């Protein structure tokens, strides 16, 4: 058991080390989503008049789309240099490869989101940061990272990766996206969603179902 | 022989249902002529639902047995199902406008139908963008299974979502289901039968054609 | 028996690559596989290293099968593989790459182990260079170091001679012969007759999907 934890941290640190050198994932998520958020701010006459649910939609839509583009970057190099195959040749359980990717993407996404929230707060003159929203972000990022890692691995060998990945993960993520937008928009309006418990329950079950399912299926998609 | 008979029977049923929709069935009082869209919308919604279940079931069968036949079945049902889903969505949108006052609302069934349509599209798009072979077929089946597991969650989430976001306009259909009189019911059943026949025939042709292409490249 | 491949069949779509192929590799054996381009050499090595599964037939490495996850891990701990690609992280230095793989392999004294191998292949000077800045020949050597890290019982190499000069080839041939005499096994493919003559105990040629003893 201790070995597995050591191995998992070695693999996760490896991804973080690679990202520190290339900075591809961070630049993609942060630049792309700032672009989306600021485009909405520039093209609306008065950002104060934007309804809360639209604002929350802008934040999370920008996270989903920039995240799915970054996911492609995250996997492209692994496939190009066949380092994913290198890991498959090593004595590493498939599940650990999946978890290490999930964790490192989770870390990248969470850090980038803080930048996105800050940008949104500035442009729309609101305060996005609150306990509820941060909790929402953690639950959302976990589900997004697991689904993204799984489908990122799948599409890495396909044509038109970007389109295909977005088309695959956005519909599946809809329940999580609804959850995130609901909690965030209530918070932007200065109140708490009345269904907050149901939503958190739903989102956490979503995360658990998908992490278990995708961990089980991951071995089947990497082997030929 | 069976094939010719099938075509003749479906053609007759199809013509009869057309006659029933346009000439025989009485016009509904509340909605007027528009209500006749029901006879298109419901049958296509029915077959696209059948297709979703079939894709999931055949994908599981394929993963369990590795028999390429089931993969071919799943693909063919998805291909015809996506067309049926387009007809369902478009006829629903056209019907909703005069009846509900809007083309689209955030109602749970609508949201779920739309999302499932996207999952179908993703499934088919994946099949054509990934290098053909055993790996692709296996992953496609896995995607179908994930979609099937996701759909009840989507429906549940859409229902909670709907509670806080009431429908923009309330129309006659939204409050209570209008009761269909016997003639309307018979017409609807006839239409369901004819669309199901056409659907099954198309899926069957698609299976044959995929089997032929599959022999060449899968 | 280090490796036992019995009656495997592998096809990609309509293209039947390997058919009814059997091969066994015992301790102290060094087997070279030759064959024209596209004859299935690389496919065979991928199957032996567990990266591909055969459509039919069985592959046993060290009397274990890749089909079971736990046995697969056990095998991977004891074999070394270098395929056509070097499978290295290009933005990491040679040192970072080798330390990473050594840690994953669970080698406790990984620093001294890496130093030992690197010295033998003459890579000392390049240790702190990024892999992407190395010449192709040196990249190949790093790949080779990676596959030798765990002093594998069975070493599988796809074309060891690619991109290497005559000097390095001799070193590698030396390593392979030393391994064979000390009771380990090697399986490699090669286009070079001289190289295979230097370090193989047996040679096979793949023709129309099965092996022919040369």
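The chains carry the letters A, B and C, assigned in the order they are written, with residues numbered from 1 in each.
FYI, a residue touches a chain if its C-beta (ideal position, glycine included) is under 8 Å from a C-beta of that chain, and two chains touch if they have at least 3 such contacts.
For clarity, every value in this text was computed on a predicted model and none was experimentally measured.
Because contacts link each chain to all the remaining chains, their graph is best described as complete.
When the interfaces B-C and A-C are ranked by how many C-beta pairs touch across them, A-C comes first. Distance from the chain A centre to the chain B centre is 31 Å, each centre being the mean of its Cα atoms. Here the spacing of chain B and chain C, counted between their Cα centres, is 52 Å. Distance between chain centres (mean CA atoms), chain A to chain C: 37 Å.
For chain A, residues that reach two or more other chains under the stated contact definition are 224. Chain A makes touch with chain C in their complex at residues 3, 7, 10-11, 14, 17-18, 21-22, 77, 81-83, 85-94, 219, 223-224. Residues of chain C that touch chain B in their complex: 12-14. Note for the complex: chain C touches chain A at residues 49-53, 69, 73-74, 76-77, 81, 83, 85, 87-92, 96, 100-101, 103-106, 146. The residues of chain A lying in touch with chain B in their complex are 154-155, 157-160, 163-164, 167-168, 170-172, 174-175, 178-179, 182, 193-195, 198-199, 202, 205-206, 209, 213-214, 217, 220-221, 224. Chain contact summary for the complex, chain B toward chain A: residues 111, 115-116, 118-119, 121-122, 125-126, 129-131, 134-135, 138-139, 142-143, 146-147, 149-150, 153-154, 156-158, 160-161, 163-164.
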